[in-house]
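Each structure below appears as structure tokens.
Below are two complexes that have chain A in common, paired first with chain B and then with chain C.
Moving on, here comes the complex of A and B:
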């Protein structure tokens, strides 16, 4: 006997229809120019208890929720190493990258998984090239980056399996925010390092490929290859290079153009870091 | 790589650096810049696995790789049993073309662990190595498709890499070559069932096909190899030893895979039909950044034997200058990054036709696959 006082659901369970047409919604497509990076917001000195800190927000698309990225970084130290640690003529750098448990669609555990550890190693390589570590012998510094909101919070991201490409963007953001936090902590660097990402994306019919800066995997049909660099603009040097993917066979020099576009993206982020730092200096002087 | 500190003095490091930056470079073990260390390799050593290999370098470091496969039910991202039926009805009746279905293959079906004695298995360096090898394998998207059985089932492949001896140098090339051989010798049981039935396999091991098909149908990609290349001054060195890594300005791990294209019958000589494709690269933090700096004798009071407090200020200035400008023969750890031109010349040297990669692949081809 059905309960007639309430509006009951259907008797058997149903699933919403799934349309597998493989077409991208026109509104979801990339509307930025291929060489434009998304607007960023960077603020240093957000955590009073740390010796340096920074917060970076990558703006989501207009009218969208949750396709941006929010990262925070704290720098602790330089402080003396524990007595048990062996002598080091340099500052010992340790980096931690952690997704907050709620940062992605699929919940992350509290223990760092292998991709987070891998990101930490990349970040360490990127920062170690920039630090003048021999000015702090016998001391250690901890750089902790937390990703508060990841890019792939949408269901689409899980369905279309684009997380592997989003990792590149996460690393780019981590490098930028860590560099600003290190500058805020007043640790000597040869230059402020900044992160940039470029990707080779296939067009709809899969025939021709083009290079875009700061790619969002959801906005493209498929990504063929991606590259993330950590770049020192004043020295014109790369401290970390990460490339993966499949380049179309005839163009042998495509990796060069991909890297140079990634460098171009990191030049853009570098402008942001210096603007944010000079703003911070201006506010302390007043 | 924190545990890989060498016990070389700053003077030794400076000497090593200058002899390696000569053209041609003089390496401590007498190799040329593009020469690999000799190695012995064998495959099919572990009867309990689907494929295995062992590679032993001349300096005594040895790695074993075992590949094991299990059947697993494919779980949908939407978490519903009905999903498959929806897809089936949407794509018009069952048994649609398999190529289309194989797009559902996922990289997660490959599990890779690296074990290095003396290092914890959750150590950042070990995880970095495992991710590096895994990423190279999955980069072209072809590998996951090989693990697809039907819409409901797939193979889960466990690739376990064990370094038997403590690492004498950065073990990346050794592990990569061993993985390459193990994957080439991997066989999966022959499928007897059809369509989306529960899979049934032929129990004749002799009939089992290789994961990477042999010469007959040689077209398609082969497992990747990863080469470690360092730049010291202007010279580019392949397969660096521990001492060479300790003075390297930059280190780059380049993964490439060989794609064989079949062009009718005239491609009898396989070597000429080989095409190398870059699949991934990563900079590796060179341990040279952690080496102790040298002190020039002008700034060393103990050497000059005189200490004049009035000239202390002058000497401090001198110290400052020393920090900024490297002096010939005084070791200083490299600072800053690498110019892209250097990285690019490394990549070119790796991808060069008839270069080191070709030589290594030729060598690996000579290994008897059982």
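Moving on, here comes the complex of A and C:
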């Protein structure tokens, strides 16, 4: 049931039919190297009212109009827990991931749906491993990630039913942006956790399976499996791991390889977090 | 915005070098060997003074730069300067290019700056970065895997940990000052923090100069402690560690940063420590590239969306922006640039008020003075004197300063008289008063008809007139008066205040309250056979006793309900004689007692003479004539100190409290300061209401409503006395009194009544019995006082009450009046 107190846009719109000829347009295919991740733009300290905040943007493909993912994260706290809350010797972390109603082609509701709750849980696990929670007893921190623009903004993403794979990228982005925001808030961490995604992609008939980093579902004929990790590079630890899909039966590749490729991707992202944070410090010191 | 130590070329260099080192480590070794040989050659004869390890380390430091290495080695080991040299050499390093070291930015950023035996802070920060190289680059034997091995704690004792195994915990610096995160400006350091930091730095420098540690020792310690303390790194410290390396916004072109992957690290973390080799094999089968491949991450320029979002923040950093705009009004000759640099006059006033702590009317004046002569001493003196002032919330109402007695004499207005209506229960007191008001057209016939109809419903038709006075539902239900009902009417000559007292024996205290406010009384007697006799034994008698003891001297005896006995003159005569005898026995003077035959229900002989032929024999005055003939029996105590007993309290808004009561003595006017006893709180008289009109003054004998300001209503109770602050009434709990006993008196618990005031206490002792007429002592310290006797008794009350000599009080016990008397 739509919220009747707001002026809601139409649930969907009519578009001219697009005929799937079975083959991907050459322009749509992945043009990056399999081990390259898309360029990112990360900026911290974007929300003055929050303790810490960050904005992450994935560069859209050339020729496309603004379809790169855009995320923003605010961190509130550490602040004292409400009186009603029971005593906690650790910092209580609560994460909220929310798609803006206009973030995806299929409009999102104002209430959190199950996929968003799922993402929140994954994000919480990812961050919990990085935070030094016992430095902040009796306090809570709220991490709110808003997806301003999702991956599946394009109509064909809806038609081809690839949103389920885009959730992986969204989680990776959430982890990265939340990590930067927590660093901006000055909350003690063992390391900056970064998210990375790797996927096992194949051609239409399931042959030529290969692993790519930072997959964009639209760019591939089919995705067999995907993995998203939250990784602490300096400690060489994985705090959260999400594996999705079925690996083909022959031992052409295994779970470990996919995970390790995802770790590689998160290393790449980590460099960007470091650079962004250094930049933030540089700008404040100058 | 850009860090000054950085340019694009550095980055290119960094990655070129890095690739070389990373992928071609045999070449590296060759370079190292070559470098070592060259250094040894350059050092010549002095080469024996340094070890190969030292040479290699120096080469590592300077990245195979032979000249620099030689200079370093010469300075440090061959010809060391007394103390400064070891410090100077490492100091050079941070000024060099960060990119010259095979260390990715991301790693460098997270290495902790700590070391127990640090040489200098700069060196420390740098060398930690240097030696924190991941384990796969096994360049030197001193490098250990920066992780605690599983067997690390095996031989560790619980206590007495050897010194070399001890780690030093350094508290991670918290973000200094300010609020957490968020804003783009740097957290501001407070003065105290800055001072502390400076002192600490000095102390450290001093310490560093005192000790010189061989670099080799230092190196080994560094790597060990690094692995131990990595847990303690906090992001804040890492970020503020000064490892600012690059700034991606300086150039539009993509800045390539190459991450590196420790060999085996990935597979270890995934597959655990066992069986990692197989995984590596299988991985290599899948990928075309081995594990050491590079993940290339770009930073791209912000999109139009992001630029719109953060555009203002970026612009704010532009340096060419002028800080000061030339305002047109600055050209004016009357413009003063520093006009607002000093506190404004208002600020000075406010500051002075804040200093005094309270707002007082005197404060502005004080502040003005202090502004004129800015002597601090004088200001503080003023402030203290201001604070010592007593603060009154509201200004006192202006007193007109009238001579009230003169005003009262000049004011030839009607005289005021109040009378109390007493008598046995159901004698018809309230009905009589209702009839009186009805006849005087103060109550409309319609109202009485309404009451009559209401009464019919509950079978109490005859109570309609009484309900004019008895307004309370409880009184109407029970058909008896409970509390005094006050009403006003006026004739041509006099303004009367009716005090309709309850006749029921349970409410005698209320009757006392009414009687104490009255100038004279109407005694209502039921002429019915039986009822009269009953009354004489009951409250008729008690009320008369009380009237007498409260000082009422004039009495109108209204023989009521004569219509019921057919206007029998005999009956009237019989009652008159009997009551007259009783009254004279109590000390009433015959000339002050008038007998009038009436019928309250029908209204005969009240205002008009009876129209009944049977009652034509009566030629005396009607009730209203009798009332007019009576007046205040005693001279008004105008010259005495002001006393007023509170009989009712009304709380009204805005801090005023309205009290009703009769002025016992003295005069008041608006603006007088009065004291409420026994609470001792003072107040101002804001307004005076006599009946329904506002007055500027009031005198003794008037029933008035007085509005007081500047007093909390919780300090006022019914029965309290208001008096002038200049001549307050004393408050006490022990009194001697001359009492006339109605019952047997002995030391016993009693209630003392005076008007509305009543207090529990007990008769402490009986000093003497006295002669009724002469007042001489008959017997000292009697055990008991017989009824009708007069005695001097000592009463101790439980609470302090405002009473003074000459006041008449009534003593009751267990619901009966046992004595009345005069305080001495």
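The rule is simple: the second predicted complex is superposed on the first by the 262 of 286 C-alpha atoms of A that agree within 3 Å, B and C clash if a C-alpha of one lies under 4 Å from a C-alpha of the other, contacts with A are read in each partner's own complex, and residues count from 1 in each chain.
Everything below uses one rule, namely that a contact is a pair of C-beta atoms (placed from the backbone, for glycine too) under 8 Å apart; a residue touches a chain by one contact, two chains touch by 3 or more.
In this text the structure is predicted, and so the values were computed from the model without any measurement.
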First (chain B), second (chain C), both or neither touched by A:277: second
Which of chain B and chain C A:90 touches, first, second, both or neither: first
Which of chain B and chain C A:147 touches, first, second, both or neither: neither
Which superposed partner A:263 touches (first chain B, second chain C, both, neither): both
Partner chain in contact with A:132 - chain B first, chain C second, else both or neither: both
Which superposed partner A:190 touches (first chain B, second chain C, both, neither): both
Comparing the two partners chain B and chain C, which touches a greater set of residues in chain A: C
Which superposed partner A:47 touches (first chain B, second chain C, both, neither): second
Contacts of A:238 with chain B and chain C, given as first, second, both or neither: both
Touching partner for A:170 - first (chain B), second (chain C), both, neither: neither
Touching both chain C and chain B, counted on chain A across the two superposed complexes: 132, 190-191, 235-238, 252, 256, 259-260, 263
Chain A partner contacts - residues on chain C that touch it in the complex: 1-3, 104-107, 109-110, 172, 175, 179-186, 230-231, 233-236, 239-240, 243-249, 254-255, 257, 259, 261-262, 265-271, 279, 282-283, 286-287, 289, 291, 293-306, 309-310, 313, 317
Residue ranges of chain A in contact with chain B within the complex: 15, 17-20, 88-90, 114-115, 117-118, 120-122, 124-125, 128-130, 132-134, 158-159, 161, 164, 190-191, 193, 230-232, 235-247, 249, 252, 255-256, 259-260, 263
Parts of chain B lying in touch with chain A, wherever the complex brings them together: 77-78, 80, 82-83, 86-87, 90-91, 106-107, 122, 124-125, 127-128, 130-131, 135-136, 139-141, 252, 259, 275, 277-285, 289-290, 292-293, 323, 333, 335-340, 343-344, 347, 351
Chain C-facing residues of chain A, complex: 33, 35-43, 45-53, 55, 57, 59-60, 66, 68, 70, 75, 78, 132, 148, 182-192, 211, 213, 233-238, 251-254, 256-257, 259-260, 263-265, 267-272, 274-286
